[in-house]
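Two complexes come next, and they have one chain in common, chain A, joined by chain B in the first and chain C in the second.
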Partner chain A sequence: MILAILKRLLMLVPVLIGITLLSFLLLQIMPGDPASRAMGTRASAEELQAMRELWGLDKPLWVQYLYFLRDCLTGSFGVSIFHKQPIITLVAERLPYTLAIVAYSTVIALVIALPFAILAAANRGRLADVAIRQVFVVLIAVPPFWLCYVLILGLALGMGWFPTGGVGEGLLENLHRLFLPSLVVGLSTAALIQQSLRAALIDTMQADYIDTARAKGLRRREVFLRHVLPNSLISTISIIGVRISWIIGGTVVVEKIFSAPGLGSLLIDAIVSRDLPVIRGLTVFFAIMVVLVNLITDICYALADPRVRLE
Partner chain B sequence: MVVLRNLLRSPAGALGLLMLALTASATALTPLLSPYDPFALDFADAMQAPSALHWFGTDNFGRDIFTRVMVGAVYDLRLALICVFGPMAIGVLIGLAAGYFGGRIDAALMRLTDVVWAFPFYVLVLAIVGVLGPSETNLYIAFFIVNWIGYARIVRGETLLIARLEFIEATRVLRYGRLQVMLRHILPNALTPALVYSMSDVVLTVQAVAAMSFFGLGVQPPAPEWGLLIVESIDFMREAPWMTIFPGLAIVWIGIAFSLLGEGLSTALKPKG
Partner chain C sequence: MSLLSIRDLRTEFQSPSGVARAVDGVSFDVAPGEIFGIVGESGCGKSATCRSILRLFGGAQAKVAGGRILLEGAGDLAAMPERELAQVRGRDVAFIFQDPLTALNPTMRIGKQIAEVILRHRKVGRTEARAQALQLLRDVHVTSPERRLDAYPHELSGGLRQRVVIAMALALRPKLIIADEPTTALDVTVQDQILRLLRERRDSLGASIILVTHDLGVVSQICDRMAVMYAGRLVESGRVREVLDAPSHPYTRALLAALPGQTGRDEELTPIEGAPPSLISPPPGCRFAPRCALAQPRCREGGPPPLLSRKGLAAGHLDACILNEAADAAA
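And now, the complex of A and B:
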């Protein structure tokens, strides 16, 4: 097992190099001069020149890439122009909020998806199944950024149940404050989990060992809780793994709207202030996060299902 | 034709098509349906609640929101369809090449998709447009860079399966050229799942292009693009919630239509037996 994990880590190396290379190329060989793009039109010629030297823009492209790779390897991911701090410092301050929303929204998604998946699978092809399916079709069609405002309008401004954004002190207050942004991300995940869990439940219910369990006299409820549900939930782990990139991407939108000081807000602010190193460093950091979460879910999947081997 | 008939026969597909046809005709007929100019300011009529005169109400400049939402459909549908079917063409060709040639070409192309796949969609699109600067062209560039991977993966998998089937082996006996086999015999069969996937892709892309203008990185004002209508309404949300609600409902409407169409397509395109 440990050997398999090490092997997987080793296989990540080319992907990680690819990630840095792609971010570098995409955000560097854009038309125009990166220095004047970052500084705006008001910068003087001397300022621009100083900028180019600071960033090594006067060096050949491959040297610039090596600089960038060095920044990523030493863990700083570069230095922000606007904040004048290493990007990793900015990331460290904001990462907890983003991770909190990712985890919170995943829990919400499971809480929503689980009962509907069970209900749909138990009534396969009947009215309840079809109705649930249509509800989730509508849910997928709702744009998250708009849903944020609808929820703010209804539940925050209208009913006054939730604050319109920001973060607070302590776990309880943050669970309250981060509920709406996490709900928005969670709802879009819930639709995916519901669909795959329903399919997995139906598959498992038709397996031979379920017949065996029934034949040896176990009650329906026991068979369901002890055999069908755990085995179906395993597949949900890998669905979350595959969609984690989407979930993390979703946090960007809601963080900005609910003014949660996470990585997404940092990215949007960097785009507004034309802070190129932050945009580039963060893009790499986001991708590394996705790759690591994927690895973790793969490991969990292998631990939960002995038939699966890490390759 | 057979596909269209099957599509109309499935309730989901027929309903989806109907919704899109309604949208298209309402948009085309807006000048006849509505006496209002989508751009002309009329402060005397500002922030009117929905009524028989103004079905969706008016905005802070007194512009009729129904008219603006209808005219805006042109922007959102154009953006979403180009951002889906452009990258789809690229992805299908890449997937086809990777699956058919295999070996090094396959390995290289698949490593590339692995790398692009690692970036969260919104992060990469926001970063690219953020660096290039906000404009419709740059939005297309960003989506073309990001959106092809799903199709490449699907079509590669299908191609691998189809290339093993007997009728493809037969083409080898008949000494067909590689290009002919790829484009005339494998592609049409590998395209089906990609087409079904593209419908759910449109649903998410309509939201994504609207979100881009929401962040100021897409279509620029005064275009009545739906994301822009929403962002412009935020300051007036309390007094005039209809300014926020209706453009969003338009996105939901289009999303449902394409979801249903995708559901219909997947039944219509399913091989018999």
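And now, the complex of A and C:
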């Protein structure tokens, strides 16, 4: 197991070389001069030149790439032109918020999806199943920004139950404050989990070993909790894994509306201000996260299903 | 006195094209300690018959629509509410499924799966249940049983898995064991071992066994009595020797003629022409008539013929052939 994990981590190396190369080259194509963006329109030609030299923008491409590689290896991922700070510091400031949303929204999603998946599977083809499906399809289709505003207007401004955004101090306050953004992210996760879990439950309920379990005389609840549910949940692991990879960088809209500092808005701001090192650094950082989340997903899979071995 | 007495059992399956009467008026008895074989082609309702006894239909939309399933000491299983029937399952009647590769929960250790049935019906602790599971594995001759307790199903061979399934079925010394094609998914050498094991456990525990199979060889090897099923109905039943040596229903004779015998290499096998009829709208009269070489016009009239005893046949040897009925009436 440990050996397999080390092997997988080793496989990160070629992936990272590819990602760094790709993100570096793609950004060279991007229009706009980072130096003039950073200095403003009134900077003189000399000042711009000095700026370019300072950031190494005057060096040949391959030298710039080697600088970038060095920054990645030393863990700073480069220095932001705009913030004048190492990118890893910027990430460290915002990562807690993003991770909080990841964890919180996943818990919310499971709490919503589990009962509705079970209810739908138990009533397959009947009204309850069809109604639940329709509601969750709508949840997938609704644009997040709209849902954000509806929730803010209704629950934050209207009822006054929740703050409209920001980050607070301490666990309890943040559980309260981050509820609405987590709910928005969690609802679409819930819809994905509900659909796949419903299908898995229906599939498992028809498996031969469920008949075996019933033939032992187990009560319905025992058959369900010990045999149907655990085997059905295995396929949910990969859905959650894919979803978490997405949430880490993909919640810009929610972050912006709830005026919260996450990794997504860091990336968007960097793109707007042509902060090349930040864009590059974040791209590599996201790639590492995706690979790590996949690895953790696979480990969970291997732990949950004895037939699966970590390669 | 019979242990199990099934009377006029009717089981319906919902299918997209209508209601299929998979079992349509089946009656038979199983005596204590007897091995009773049910044979027939795929889809004849033999599996549905035995699944009806414990109401285990997998994911299918099926229900017992009529008839009685009288189990000695338990009453009518067909009329029993689900909760009560759950008490009977595993304790009085156990089930062995066809495919040992899919009949065990892939994510649960073997020992736990066997212990589960003991813990459900007996007031014992986990340690005691595990000890009993170990003994059960020894009883079905599983090699290095201590190690197998903590194994997962995929770590065992098909034959070993079927032994585990049998160990599970024997756990509470049930009065009746229903085995639905228990050897079909196994290779021939393992088949033989499993059949011997079943007979050996019957001998030592005194349980009755209903053995469903499409293999007449298996029936002649271990069954005491047998029934032949066709299109949802029994067409012949009796002691195995009598039915196989002197088959009286044309379908049974056709089945035997389609088998390779022991006589010679070059013998001609006679396939049964045509296909079994629809169970949604079966033909009138005898259901085998459309494929029967001997069929007369009167075979295709009226309701399906009942199983009856015949002059010239041994006591307890019954068939459902309209032609034999007429022969009896003429005699």
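The rule is short, and it goes like this: the second predicted complex is superposed on the first by the 295 of 311 C-alpha atoms of A that agree within 3 Å, B and C clash if a C-alpha of one lies under 4 Å from a C-alpha of the other, contacts with A are read in each partner's own complex, and residues count from 1 in each chain.
Simple rule for what comes next: contacts are C-beta pairs under 8 Å (C-beta built on N, C-alpha and C of every residue); 3 or more make two chains touch, one makes a residue touch a chain.
Quick caveat, the model's predicted, so the values are computed rather than measured.
On the shared subunit chain A, the superposed partners chain B and chain C are arranged side by side without overlap.
Shared-chain residue A:Pro306: touches chain C; no touch with chain B. Of the two partner chains, neither chain B nor chain C is touched by A:Ala190. With both structures placed on the common chain, the touch criterion links A:Pro230 to chain C but leaves chain B unconnected.
Contacts of A:Lys216 after superposition on the shared chain: chain C is touched, whereas chain B is not.
By the touch criterion stated above, A:Pro143 is placed in contact with chain B alone, chain C being left untouched.
Here chain B and chain C are compared by how many residues of chain A each touches, and B touches more.
Touch criterion not met for A:Ile108: it reaches neither chain B nor chain C.
Contacts of A:Ile19 after superposition: chain B is touched, whereas chain C is not reached.
Once the two complexes are laid over each other on the shared chain, residue contacts for A:Ala207 go to chain C alone; chain B is not touched. Between chain B and chain C, the shortest distance over C-alpha atoms in the superposed arrangement works out to 14 Å. Once the two complexes are overlaid on chain A, none of the chain A residues touched by chain B in the first is touched by chain C in the second.
Contact residues of chain B toward chain A in the complex are 111-112, 114-124, 126-128, 130-133, 145, 200, 203-204, 206-207, 210-211, 214-215, 217, 227, 230, 234, 237-238, 241, 244-245, 247-248, 251-256, 259-260, 263. Considering their complex, residues 54, 56, 58-59, 82-83, 86-91, 94-95, 97, 99, 102-108, 116-117, 120-121, 152, 154, 165, 168-169 of chain C touch chain A. The touching residues of chain A, counted against chain C in their complex, run 202, 205-220, 222, 226-227, 230-231, 234, 304-307. Looking at the complex, you find that chain A touches chain B at residues 14-15, 18-19, 21-23, 26-27, 30-31, 37, 137-138, 140-147, 149-150, 152-153, 157, 245-246, 248-250, 252-253, 256, 267-268, 270-271, 276, 279-280, 282-283, 286-288, 290-291.
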